[in-house]
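Here's the structure, in structure tokens; my notes come after.
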Amino acid sequence: MGLLDVKDVNKRFGGLQALGDVNLSVAENSVHAIIGPNGAGKSTLLNCLVGKLIPDTGSVMFAGRSVLGRKPYEINQMGISRVFQTPEIFGDLSVFENMMIPLFAKRDGAFRMHAFEGVTQERGLIGEAEKMLDEVDMLDKRELHAGSLSRGDKRRLEMAMCLIQRPKLLLLDEPTAGMARADTNNTIELLKTIKNKRDITMCIIEHDMHVVFSLADRITVLAQGTPLVEDVPENIKGHPKVKEAYLGEAA
Amino acid sequence: MLGLGKKDLGLLAAVAALTLLAPFLLNPFPSDSSLAQFNAGYPDLMQRFVIFGIFAIGFNILFGLTGYLSFGHAAFLGVGSYAAVWMFKLLTMNVIPAIILSVIVAGLFALLIGFISLRRSGIYFAILTLAFAQMSFALAYSVLTPITNGETGLQIALDDPRILGVSATADGSIPVTHLFGLEMRATEILNLGPWQFQFSAGYYLCAAIMLAAFYLSIRIFRSPFGMMLRAVKSNQQRLYYTGLNARPYTLAAFVISGMYAGLAGGLLASMDPLAGAERMQWTASGEVVLMTILGGAGTLIGPVLGAGFIKYFENIFSKLNDNVLHGWFAFLPDGLENAVVAIIHPFVGKGWHLTLGLMFMLVVIFLPGGLVEGGQRIGRLFRRKRGSEERAAQQTPAE
Amino acid sequence: MNVKPDFSRHANQAETAPAFLSVWDMHSYYGESFIVQGVSFNVHEGEILALLGRNGAGKTTTLRSIARLDNPQVMKGEIWLDHQPLHRMKSYEAAQAGLGLVPEDRRIIPGLTVEENLQLAQIQPPIGWSLERLYELFPRLGERRRQEGVTLSGGEQQMLSIARALARDIKVLLLDEPYEGLAPVIVDEIEKTLRHIKEQGMTTILVEQNAVRALQLADRAIILDTGTIVYDGSAAEVLGDADLRAEYLAI
Amino acid sequence: MDALILQTLNGLDKGSAYALIALGLTLIFGTLGVVNFAHGALFMIGAFCAVTLQRILSASYVTIDDSRTDFLGNPMEVETPYVHAWFGESVGAGIIEWSVPLAILFSIPVMLLIGFVMERGLIKHFYKRPHADQILVTFGLAIVLQEIVKYFYGANPIPTPAPDALTGSFDFGVLLGFDPNVIIYPYWRLVYFAFAALVIGAVFSFLQFTTFGMVVRAGMADRETVGLLGINIDKRFTIMFGIAAAVAGLAGVMYAPINSPNYHMGMDFLVLSFVVVVVGGMGSLPGAVLAGFLLGILESFASMTQVINLIPGINQIIIYVVAIVVLLVRPRGLMGRKGVMEE
Amino acid sequence: QESGFTNAPTGDTVTLGFNVPQTGPYADEGADELRAFELAVEHLNGGGDGGMMQTFSEQNLDGSGILGKKVEYVTGDTQTKSDAARASARSMIEKDGAVMISGGSSSGVAIAVQGLCQEAGVIFMSGLTHSNDTTGKDKKANGFRHFFNAYMSAAALGPVLEGLYGTDRKAYHLTADYTWGWSQQESIQSATEALGWETVENVLTPLAQTDFSSYIAPVLQSGADVLVLNHYGGNMVNSLTNAVQFGLREAQANGKDFQIVVPLYSELMARGAGENIAGIPGSQNWDWKIENQLGERYKGTNAFVQSFGKKYGFPPSQAAHTCYAQTLLYADAVTRAGSFNPCAIAEALEDFEFDGLGNGPTLYRAADHQCFKDVVVVRGKENPEDEFDLVEIVEATPVEQVTYEPDHPMFSGGSLGSCNAGA
């Protein structure tokens, strides 16, 4: 029994079987990578985990509780945070405010009226937000409009927003896509330290094999909606089927 | 102080000063001069300025922060008015219970409509609110006449039961609204040379309440709640995946702004105890939308400015007739006088709508951020003049 | 009017062939902040130019300026494509003049199917590759031709975006991070495609975070840093010079 | 039974007016994404095209008739239309009588021109602005247009009858085997229905069978990218706006004999037409037409005495009740597309 | 100098407030009212030819203003909304110091403004308001109505309808769903039922309705042979136009010619309805042709038409007439009372009998502040001679026939209260 157990999940879009009998178990405090060709169903699987999509059949258990049928915010409150493939941030708010919102969500739950206190009075939370911004090297952009950040920075911001919630399970959908190589390396380091420092489980989708092989404890290869193989990284690298379907010359 | 930052405190102080001094500021012209027509410092209009200011401030909490455009907000103002007048009819002419009841009733009504309408967003939400308000209006005008007195509007009559008061005064008149004995229509007149200034009890009550409402709205804007509302506007998707439920936030904002509207309605009735069904018509809902955008949606002071602007046109420009025009231009030779009057004629009096329409267009074309932006531009102009020139030259590229 | 200006003042140019695309002293800004500050470079016909730099360096801004999009605004500078003054054109005129941009966020048009997205590109002449030929290049798109474009997986969208640019008869192809989010095999394939179209004489500017891959493909490289060019020279040189790479690309 | 048939007929006719107005509105609102509060004004201007043509055709010269006196006791000034003088009394009267159908031709170029000018001069700058700004500017424009018309034509309705040949009514009941006089329907309303069907069909085919529609939809969703594909979207938006204005105008011209035009008839229809468009679903032309007919028919049924006696006041609110129910059951109206104006 | 009441005029001028609809559907009516007010002021101040001042039975007005004070006036826009009308009236009282408010073009507005004037302590001389309530359950001591009302319309129309269409008729009513509509319908129903007519159906139509086809279509099948349109303004123009479109005017029912009745007429409506109005009976407060056609009894009419027509180029409407008359009546009452004090004026107007204002001998009844005078029954003209000649006078129903007791059930419920002079 892992922290996350996906059993026999199926999802169809019209005539397309996007997910077929997916079984997946993510062990606590591990980094589990999901790789696979474009259109394999990776993002769809993630969508089923966070309540954006409801699978046609199958079950998804998180820490012993089913997530199916729950609203996205309930699932997040259970301890799952997600970084999207195309950055989802609060574009009209400042970088700093973007960091405060997940903090409030963490502290106050899904809804709480704080209509009279000022945001600026929340000293403790502000400190936390600034610390996190510093960690992702964005403290100098604190007051910028998040919408006007460059794409790499938006990604980083989104990741910081998820991390600051200290989720039990962090879902990352191509977190380093479009990031400069140097920053990709920094991100790898960041995720590594976080993993070591905190008790956190990660599920990561990436096409950048450098990232995958530096971080993952286990890798599931998904192709056409079904898991092809699941194994430790070393074995995946050499796997002929994976090479053919996915890795090409990169391996 | 007051839990506000320096800038907000300054704004609040400025607004307080302006409202307190309004009787002077709005009456800049001597009362016998030909420009006296432009004076707006009489109780009815001053009350309207601040009451519609309250209405617009409340609307802005919903629209400015969450971006949910309600096209039926006048319904809450309407039910607030009805509630207040019924309070006058049944309980007492004291305005306090009436105002309290109007806020509560409007809040409940908003809770009901908001709960249903907020299931949709964007234009679908706007049309849902519009539909509810139009329904309220149509019913108030016809089948609900026993409650609303239909077309005429709910009025106070000589035979009202009024439990904590008299049905009629000793001399057979209808009693007037008051605040613990202070009559709302009581007005002190100060004559200073040719100038005349009116200090109305009703106005100062409204102004005080408006300041409180404004203060509250600043607090909401600066609070975590306000930030959540802006987040709703920015990206609801992200909000949900961050573990927050947008629905109660928007519903709370909706109810709060409905209560502001109810407060405005209650005050309108307290100043002039009549509640007309037209208060709930879509044009009235549209008006508060226009006030907010015209002033600057999402800004603190904008909606108040917008409210003042529209009410000024409605009340001052509609009263300029040819007779007045001839009065102004009497100094010109006859032919010229007639020509000038003929040119201005279509824009005033019965043409006041034309001027209002043109003003809407000019403001939104040239001041995309509303009147507030106009103010900022003027402010910047002054600052730039003072500031060193080379910096200005460096900053904005010339095109 | 369509006479190429004399750019010989521009220093680091060993004019062998006449430049096909010339950018001269271009300054672009968003709102009040200047992003591109005096960029000049030439691209020769049939050449692949790699445009590199860290996140936020101004790569996207440069490409968007060349494509004459409304935002950023170009304050001064000249852009010439094959003797045509792009800097005097609107974006649709530039496109008619032979410019093709694959934007960084792919920009698949919502509400249109895959095929409609492609057809849209062929409404205004000059028309480039036929749909059959494009489906041959990207079979995945052929399979999904009736699906709404925006529901494609990330990688599929990237293919569609490239295909859409090729569906027009363009003289220069601007690619903003085309590999982002693509499976390694697909990256290989796209690289092959780019080689293929280069052989047919296409001139290309390639913005890419995967600098090594880009440099392997490119003839020349330009490195941007905070809106100015810090390197302009052969791609092989950067690839071979570890110091240079470390200094500007941190790899 | 006969009552139901009659009200269905009625509803179809009412619905065709709603559908026609909503069609023009949805071209601008659902397709170009501009909240055009001036759409009602375009409808009104269309109706006044008919009034204007009628006035032009009956332009008269004045002669003094000493044998009669006017209300002040002065000799009477008699006006004779030029067309009477030129073509003889009966032909002249005939021309004036046919001014509404003639106005269809007259109004098309006028409305196209108004649409083009409006789009180029004003709306163009508002595509990227928030909907709220669009509301403000088009509402301002609507007021201005309305006041201009009021300045020249007054506030009172102006009778603009249909040609005599098309007045009177047709007895459907007899056709269906009912007694005479049970189901009768005015000719002009039948003409209106046919005309609406024609215009709706024409607009559909134009948008469906040409690529124009796809381009405009695409341009609405993402102007920038469409520009990158070499398409001058601005030009197409202008054309689209012109078409929408012409459709609104035609709806107005044809409506003039049904209800005498007055300057605020546009505002009277404005809210209703927005409701129709939204109930139909944003961005859907068939939705707008369907919703127009649906609301027309339900409104007719709700005005039957049997229904009113059952639920007092239902005729006052039926449109809104239907709107609420539809929007709660179907999140994007009857046939709305996802993502269009949902934020 | 007078004092002790609201806006006691201090200088050598006195200000009157004319509150009319300047925007909205009744804007043209409001414009005509305003013309009449301006003309009245001109006459009061000694300008022009004096109009009805010369024919007025009281000869107190001499062109020197009112009580020697020059008359000035302010105008405002009621927008035909009670709210806006009250705001406009309040500004006239608070800002401009008006001692009297007049105008209005709808009963709802009139009642609302009347209530305000009562509270503020100024006189309200209502303009166009036809609902029974204005001087019925909503009557006020400070308010006065010269215009006739729904009951009077019905009482006058009854015998005429009997003469035209007999006693065996089945009537179908369409009624505007608001105060005035109900009041009109109730009155006409009771008057026609008294003749022996049967009321088949009464359908309430929404005020905002523009297309009445779905209300008109079922009329013929209902077995009715008369359609009564209790509509006014745009509603009436549209419902009548629709009725004619549906062929009701040519139709036969129960072996008789089908008939349409519009109880309350106005010249502007007739113009809006065009040829559709031909032959359709209704009632008016006054008509500009009445003195020419029915003689001396209605003197004043021609004098007014002359001075109005000379100034503006067309004959006055009944709206203009009633507003002009109200202004003169007010001025005269002030002069007789010797004071601008509303209570003194009210006293001067109560049970005041006068003549020469175009309606024949008239009484301002003290009990409810309603004027009692003849009612003009008209019908749409078949072949109008010119654009102003839209209606023909059928008869002038004598005042006795339309007078009712102050406690008539249709008018009961309210009380005048006592006059309020304000501050």
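Should a chain be cited, it is by its letter among A, B, C, D and E, assigned in written order, with residues numbered from 1 in that chain.
Following the convention adopted for this analysis, contacts are C-beta pairs under 8 Å (C-beta built on N, C-alpha and C of every residue); 3 or more make two chains touch, one makes a residue touch a chain.
All of these numbers come straight from a predicted model, not from anything done at the bench.
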Taking each chain's C-alpha mean as its centre, the one farthest from subunit B: C
B-E or A-C - the one linked by more C-beta pairs in contact: B-E
Gap in Å, rounded to a whole number, between the CA centres of subunit D and subunit B: 34
Chain centre separation in whole Å, for subunit D relative to subunit A (CA means): 53
Whole-Å gap separating subunit A and subunit E, where each centre is the average of the chain's CA atoms: 75
Overlap residues in subunit B, where contacts from two or more other chains coincide: 138, 141-142, 353
Numbers and ranges of subunit D residues touching at least 2 other chains: 316
Interface hub residues of subunit C, defined as touching at least two other chains: none
Footprint of subunit E on subunit D - complex, ascending: 2-3, 6-7, 9-11, 13-14, 17, 68, 70-72, 76, 150, 154-159, 161, 167-169, 181-182, 184-186, 188-189, 258-260, 262, 264-265, 268-269, 299-300, 303-305, 308, 315-316
Complex contact set, residues of subunit B against subunit A: 3-5, 219-220, 222-228, 230-231, 233-235, 237-245, 248-249, 252, 256
Complex contact set, residues of subunit A against subunit C: 13, 16, 35-40, 43, 85-86, 148-153, 174, 177-185, 207, 209, 245-251
Subunit E to subunit D touching residues, read off their complex: 24-28, 31, 177, 201, 203-206, 208, 210-211, 213-215, 217-218, 220-221, 234, 237-238, 241-242, 245-247, 250-253, 268, 271-276, 288-289, 305-306, 309-310, 314-315, 385-386, 388-389
List of subunit D residues in touch with subunit C within their complex: 211, 214-215, 217-218, 221-222, 224-233, 283, 337, 339
